[in-house]
Every structure is written in structure tokens, then in C-alpha cells.
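One chain, subunit A, appears in both complexes that follow, with subunit B as partner in the first and subunit C in the second.
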Partner chain A sequence: MKAKVWLVKCWAILACALTFGTIFFLFAYIFGKGASAITWEFLTESPKGMIIGTEGGILPAIVGSAWYTGIACLFGAVLGICTAIYQVYYCRSQRTAERIALVMKCMAGVPSIVMGLFGYTLLVLTLGWGKCILAGGITQGVMILPFIEVRAEKALREVEGDLVHASYALGVSRAYTLRRIVLPRCLPQIVSGVILGACYAMGAAAPLIFTGAVIISKVPEDVMKPAMALPYHLYMLLTQGVSPENAYGTAFVMMMIVLVTNSLATWFTWRKKV
Partner chain B sequence: MRKLEDRIVHAVMGLFCLVTVLLLAFLIYFIFRESLPAIREVGLKGLLLGNSWRPLIYSDAPSFGMRNMILSTLYVSALAVLFALVIGVGCALFLACCASGRQRALVMPYIDLLASIPSVIYGFIGLYIVVKFFEKLGRATGESVLAGGIVLSVMILPYMISSCCDTMVQIYERFRLPSRAMGVSRWYMASQLVLPASTRGILISMALATGRAMGETMAVMMVMGNAIGVPKLLGKGETISALIAMEMGIAEVGSTHYSALYTAGLVLMVMLFAINIVFERLKKKLAKEGKA
Partner chain C sequence: MSDTVIKLCDFGAAYEKKTVLEGVSTSIRRGRITAIMGPSGCGKSTLLKAMNRMLELQGGASIRGSIHLDGQDIQSIPVDELRRRVGMVFQTPTPFPLSIYKNMTYAPLYYGVHGKQKLDEIVRENLEITGLWDEVKDELDKSALKLSGGQQQRLCIARALTAEPEILLLDEPCSALDVKSTQVIEQLLLQLKERYTIVIVTHNLFQARRIADDCIFMLGGELWEQNTTEELFSNPQRPETKDYLHGAYA
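This part shows the complex of A and B:
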């Protein structure tokens, strides 16, 4: 018995050490190797060179990713937050709410590559938009919709029921209660959900392969044209094996975005608790 | 006036909610519609059980059997869940039994950070570290199902840890005072009480992690070598998602190849669905037997 307890103890401590070691290593590796690739030119120039990507920078990919992510966030946040509000505050029967929750669960379970297939057949082919920023952004938006909805729903449910009921008892309408009592209380959590959703969309390459991302383009100006994206650019640099140094640089930029967005999201939720 | 505002907000929210629900219906409809021609032409049996995938037109008889891809998807996911189970449950046990609520709240964001790292970056690091490591060991190519499993296990680790940890904290808190009162040590309690009692929570987290693992595309595609043979532990393999990502670009729209790739997506979705149902059943069965 003693031996078993001791074994479990060792296992738990080792596993925990390994987990945090891995987290530290991932960031240290990319930041350590990528820092030397980051120069002003790298961030503000287009990819150049005999084989595209060996020289020059990644500006079009950064701007492209910003476009994709912005559209995805707009689409995902509007639909996700409204669905959550309807589910928690307007829907009258418990069963409908459960069904909406089931739909969200199914949607969250759809693999990102299948999202890409969906975007391709509906937006690119059926609607005839062709590969473009709008199609890619909306595909990613559908992907992050359940992600945002689940977090928004959780935030809405955490608002104290007494407050809401007191407001109703005073004859205040649902919409007014929502605007003045509920939303101010859970806005930080909803915003942090949207920020994490943005981070998720920024890093996802799979939905973009068929719907918008291209190997090389100018700095995007039109949403109906295809554009580069950071994750897809990194993938191209690696599979063609052209420039490890620029690959490290691109990864550095992406990891930086991950770190900043996550810190922001954590800060938003913590501020509420303190 | 107030009444009108309320009605408008109600209608708008309801409308957006309807759009969301319709999106899923559209998604299923379109994937199904596009995969119908291949199912009709090749037959479901040929698609699922055939072991040769030769989609190109210039080979005399194109064939679309995706058995090997289905096998490698299952293989690599099972490996990843196994690795993540060993590490994740241990880590969750430590966090649940040794850390205070405050310490956990401080540490959890770092674990969530692991879930936010883009899969391309995992593929990148997998390619430069895991694959290189296997090559140093003397393998001709390091790209293998095992490498895919290792990279994937790190990616699903955060889901495993946070879901297991939630269950374990509940159990630990419930029995903490009685155990202390009887002079039971922390680790005795962890190994004899918390661990066996959280079987159901662990199963749920496994279902969640399996779903994540099977749907993953980029990282797996980069470290598994993408050869369409029978997957072996140290050999190359191609998952369903990698197959779609690699070949969609060269498939002619409307051809059987194009439709077969949609069928592959459909198969992936059905597999995820089936796994969720199985785990849901298990969960209910365990609940009946009284293991909380």
C-alpha cells in the first residue's frame, strides 16, 4: 500500500513538472531562435528572393491575418453573443435552450478542415466569391462561433439571479435589464472570450487553405481578393524548406500574438474578480 | 416605447440564434450533398474498406479506398490520448491535491496557453525537434505515426488537464475535512480516494481529447510524412484531415476525386460523433453503478 501511494506521488509530481517544462520549453525555443530574425525590415517588407520567402519580410501575411481575424471575430462574436443572450434570457422553454446547447456542442466538434470544406463549397463555389478574404474570414468565424458562444453563455449565467429578478419585479423590461444590469457585469468575460477566439482564428490554417490563403500576394486592400496569412505562410516556408530563419521569425511573431492576446484575456477576467 | 424596444431586441436575438442553428444545418447539408456522387459511384463499402487510394485520372482505374487513412487517424489519436492520459491525469492530480485554489487560479492560464498555440507552430517544433530526434536515433526518416502521436499529445494535454482537474478538485474538497479528521495523509487520499473516484471525469476528458485529436490537421500533416500505406508505429501515415488538406487543391471541382474528399470529411465527422456517443453511454453506465 505504501509503495503504491509513493508511486502515485512520484507520478503526479513528474507529470506536473513535465507539463510545465514543456510549456516553458515551447516558448523559450521559439523566442530564443526567432529573436535574431526580427528586424524592422522583416516586419515591414514583402517576401522576396529567388524562391519566395528566402529574403524580405512578412508584412502582407501580418496584414492578411489581421483581416481574416477581424472578419472572423465580427461574424463569430455577433452571432455567438446574440445566441448566448437568446439562450439565457429570451428563450422560454428549457428544451429549446438544451437544443441550442446541443447545436453548439455539435458545431464545436466539427473539425477545422471540414469547416474549410464547407466554406469552399458554399462561399467559394456556390456563391461564386472565389478564394477571398471574406470567404476565409467567414469560414473562420463559423469555426470560432461556438467557442465564443460557450464562454458568453457561461458569463451570462454567472450574473446573480437576484439582481435580474429584482429588476423584472420593478417592471423594468428585459432589454433594459440586459443593457444596464447584465451586460456591464459580464462584459469583461465576454470580451476575453472574443479575444481568445481571435487568437484561435489567427492561428488556424486549415480553414484557410481552400478559402482564402495564397502563397504570395500584395498587402491586401480588397476583401474580395485572396491574401496571405501567417500560419499558412509558416507552413509554406517549412514544407518547401526554403528559409529556416524566416520560419523562426514568423513563428516568433505568432507566439508573440498568442502571448499578448492570452495575457489580455486573463487580465480582463481577473480584473473583475479583484 | 419600452415594450417595443423589448420586442425588437427579442426578435433580433431570436433571428441571430436561428441563423446560428441554420449554419450547422447548412454545414451538414453541403458536406453531405457534395459527397453523394462518390458514394453513389464507388459505394460506401469501397470507400470505407478499400485499401488503395489512386485518385488520378491517368491511372487506368482510379480507386478511392480510404481504409488506411481511417486507420492512421485512429492510430495516431489513440497514441496521443494514451500519452496525454498518463501525463494529464498525473498533472491534474497534483494540481487538485497539492495546490490551493489561489495557486491553481494562478497556474491554469499557463496551461490554457498551451491550447492557444497554433497547430502550425506545433508542427514546426515537432518537425525540428521530435522528427530530428528520431533521425538522430538512426531512423532513415523521423516522420512517423509515433512522432505524430507525441506532438498531438501535447496539443490535447490542456483539455485533458483542465477537465480532469475540475472533477478532482470537487472530489478532493468533498472529502478533505473527513479525511483530515481521520488523520489520512494527503497522498494516501489522492491515490486511494480521489483517483478511483474520478474515473468518470477522466472518461469525459478522454472523449473531449479524442475529438480534438482526430480533427487536428496541420501539425499532424507536418510530422507524419503523408504516405498512403498501412500505418505502422515507426512508419509514415496519412490521416483523413491531412488527405483532405493535401489533395483538395489538385482535385477538379465536380469530379469523383473532389466528391471522395468530401466523403472523407463526412466520415471524419461521423467518427467523431460515434466516439462521443460511445463515451456518453459509458458515462451513463458508470453513473448508474454509482461512481460519481
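This part shows the complex of A and C:
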């Protein structure tokens, strides 16, 4: 019996060490390899060189990714949070609620490249927008919508029923209760859900391949024009064998952005508990 | 104005298929404190929640029969208006996670009261009624969650009063409080009955006896016996009531 406990304990510690080790190695490796590529020029200039990407920087991709992610967040957050509010506070029929939940689950399960295909068919071709930031952003928005919805719904359901009932007992409407009690109460979790969604969108190249991302562009100014994006740039640099060193640099920048936004999300949720 | 404020006609309620109330017919009289008592699970809380239709918020609840407020069927009154007229205080204090001041202006702001002066007046007046004013007047911006349990419950009563109800329903308001706070709240209720009709659910016989004018004794989802408090306690008509009053169901 004692040996068994000891064995399980060892196994757990080993698994833990392995997980942390892998993550640590991943970060250390990319940071180690990429750090040398990071210069002021790399962060503030456009890609240059005989083969584009061997020299210069990635500024258009950084700004482009910010645009894509911003639009994705706006789109995903508005729809996701509204769906969650409907699910928890307005939906009267059990069947409708179950169906919405099912749709959300299915959406969450759709591979991101298929999302890209969907965006391409609907936005790029049918609506005739062509490849552009808006099409790419919305496609990513659809991708993170279920991600945000699930977290927002969970946050809404965690608001104490007593408080909500106490508010109703004063004869005030659901909308007023939501605005004054419920949303302020779960805002930190919802915001952190949106930020996590942003990280997810930021790292996804697949939805952008058909809908917005290009090999080279200026620093984007117009949402109806295509633009570079960090993950796609990374993909191009590596698959075309352009410059592995700059690819690591790009990965480094991307991971730093994700790390910072992620910490922001954690801080947001954590702040509420204190 | 007639003497009866709330009238129940053959009222029944069920959760899913389980009947919790059956054939309750009674009247609640104006300007008096009516206590509803009975052993756990007798349906006393359900009866109270039916009076301002809070019962509807519980999934799977269904009702039969009717409840009239001043002669009007409560199902035909818009639910928001009904709940404004029939305020409610819960078993555990439910202060909103806002400042004391914002707790008190929560309902008035919704009902369109504007202007700091008017709001200040409402806050002060209702906190004074509940005796909380002197205790908190210097820290109205403090979170209501920082108050003691008894203070929180008085705040909830004061908050219920800001909606200017005619009737106040209280669901075992003292069960989570200590003796001292209970005393304060009982005194408060005795003052309030001059302006409001009060219905209080309690499992505490002594409390019912101390403050109630009328008593309703519930048993197994039925209204077993109803009378003035004095009459019910001194001369119960049915043997089960007598047993209950002597502690048989404790």
C-alpha cells in the first residue's frame, strides 16, 4: 500500500516536471534563438531584402495583427456576451437554450482552417470584400465567439442568485438588474475571457490565410485592404526557408505580446478576488 | 379602504409535480403583522413568495387558485409593479455589493427620482426609520458588505422601503441573526406596522407571539389554523396546532 502511494506520488511529480520542463524549454529555446533577431530596426521597419523578409523588420505584421485581433475581439465579444446574457437571463425555453449551447459547442469544434474557408466564401467572395483586414478580423471573431460566450456565460451564472432576486424583489426590471448588479459583478471575468480570446486569435494563422493575410504590405491604414499578420509572416518565413532567424524573432515578439496580454487577463480576474 | 389587503382563494402551488401548497384560503389584514408559522417544509415560505410572484423565478413552480391584492388578481398586475407594491426581505441579508448609499438609491433611481437632494432625503429618511442612520451616517460610501449581519438586514429592510411598498413580506428575517439584532428588528417591525402591512414567516414561536397580531399555522402544505395571535396561542382549536405550540414538531 505504501509503495503504491509512493509510486503515484512519483508519477505525479514526474508528469508535473515534464509539463513545466517542456513549457520552460519552449520559451527558453524561442527566446534564446529569437532574442538575437530583436533589434530596434526589427520592431520598427518593414520587411526588406532581395528575398523579402531576410532583412528589415516586422512592424506591418505587428500593427496588422493588432488590427485583426481588435476587430476579432469587438465582433466576438459583442456577439458572445450578448448570447451569454440571452442564455442566462432572457431565454425562457429549455430547448432553445440547449440548441444554442449545442451550436456554440459545434462552433468551438470547427477547425480554424474551415473557419477561414467560411470567411473566404462569405466575406471575400459573396460579399465581394476581397481579402482585407475586416474579413480576416470577422473570421477570427467568429472563431473566438464560442470561446468568449462560454466564459461569459459561466461568469454570469456565478453571480449569486440571491442578489438578482433581491433586485427583482424591488420591482426593477431585468435590464436594470443586469446593468447595475450583474455586469459590474462579473465584468473582470468577462474581460479576462475576451483577452484570452484575443490571445487565441492573435496566434491563429489559418483563418487569415484566405481572408486577409498577405506576404507583404505597408503598415495598414484601411480595414478594407489586406495586411500582414504575425502568425502568417512566421509561417511564410519558415515554410519558404526565407530566414529562420527572423522567424524566431517573429515568434519571440508574438509570444511576448500573448504573454503580456495573458498576464493582463490573469491580473484582471485576480484583482477582483482580493 | 377595506380591511383586507391580500386575499387568497383556494391557492395551491407545486414544484414540478410535487404539491407544496393546497387549498389555502385566507385574508391578510391591513396595518397588522401577520405571522406565518409551521414546521419545516410546511410551505410557509412558498406561500410568502407567491404573494409577490417571486415563486415564478423558481424553475418548475406552478400555481392554482388566485391571490388578490386590493381586490385585483395579482396575475393581472404587471409583475414589476406588483413587486414594487409588495416588498420582500429575505432570510439571509442580501445587500448589493455597492456602497450603503448606492444600495439605498438603487430602487429610487430606477423609478426616476432625480437630484441629489431628493435622493439624500430618501436615503436619510429610510435609514432613520430602520435606526441605521446614526450608525452609518458618516460612512455612507462604505461597502454595504462591511456592515454586520444585523445592520445588513436592517439595510435590506430600509432598501425595500425605498420602493415605497404597501406591504412588506419577510422570510425568516432573523434566522441568521443574533439575539440583540433580532430584538432590534422586532422593535422595528412593530414601528413599521403603522405604515405598512407586514407578513412575516417565522419558525420562532416566541417571535410570532411577541410581534404578530394575527397568526397563520401551516401544516403539510395546508392552512391548518388561523386566528389572532392571542386567541391562537391561548386557545388553539385543532390538536395539531396545540402540539406544535407545545413543541411537538421542533
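Assorted remarks:
In the analysis below, the second predicted complex is superposed on the first by the 264 of 274 C-alpha atoms of A that agree within 3 Å, B and C clash if a C-alpha of one lies under 4 Å from a C-alpha of the other, contacts with A are read in each partner's own complex, and residues count from 1 in each chain.
The definition used in the following text is that a residue touches a chain if its C-beta (ideal position, glycine included) is under 8 Å from a C-beta of that chain, and two chains touch if they have at least 3 such contacts.
Everything quoted here is computed from the prediction, not taken from an experiment.
By the touch criterion defined above, A:L43 reaches neither subunit B nor subunit C.
Of the two partner chains, subunit B and subunit C are each touched by A:S173.
Contact with subunit B, but none with subunit C, is seen for A:T239 once the two complexes are overlaid on the shared chain.
When the shared chain is aligned, no partner comes close enough to touch A:L127: not subunit B, not subunit C. In the superposition on chain A, A:T266 contacts subunit B only, with no contact to subunit C. With both structures placed on the common chain, the touch criterion links A:L187 to neither subunit B nor subunit C. When the two structures are aligned on the shared chain, A:V219 is found in touch with neither subunit B nor subunit C.
With both complexes superposed, B is the one of subunit B and subunit C in contact with more subunit A residues. Residue contacts after overlaying the shared chain place A:I30 against subunit B, while subunit C stays out of touching range.
In the superposition on chain A, A:A15 makes contact with subunit B only, while subunit C stays out of contact range. Overlaid on A, the two complexes show subunit B and subunit C touching the same residues of subunit A, namely 173, 176. Considering their complex, residues 2-3, 5-6, 8-10, 12-14, 16-17, 19-21, 23-24, 26-27, 30-31, 33-34, 86-91, 93-95, 97-98, 109-114, 116-121, 123-125, 127, 129, 154, 157, 161, 185, 187-188, 190-192, 195, 211, 214-218, 222, 241, 244-245, 248-249, 253, 261-262, 265, 268-269, 272-273, 276 of subunit B touch subunit A. Partner subunit C is touched in their complex by these residues of subunit A: 162-163, 165-173, 176, 180-181, 184-185.
Residue ranges on subunit A touching subunit B, taken from their complex, read 4-9, 11-16, 18-20, 22-23, 26, 29-30, 78-80, 82-83, 85-87, 89-91, 100, 103, 106-107, 109-118, 120-122, 125-126, 142, 145, 149, 173-176, 178, 196, 199-200, 202-206, 209-210, 231-232, 234-235, 238-239, 247, 251, 254-255, 258-259, 261-262, 266. Residues 52, 54, 57, 80-85, 87-88, 90, 92, 94, 96-98, 106-107, 110, 156, 159-160, 162-163 of subunit C are the ones touching subunit A in the complex.
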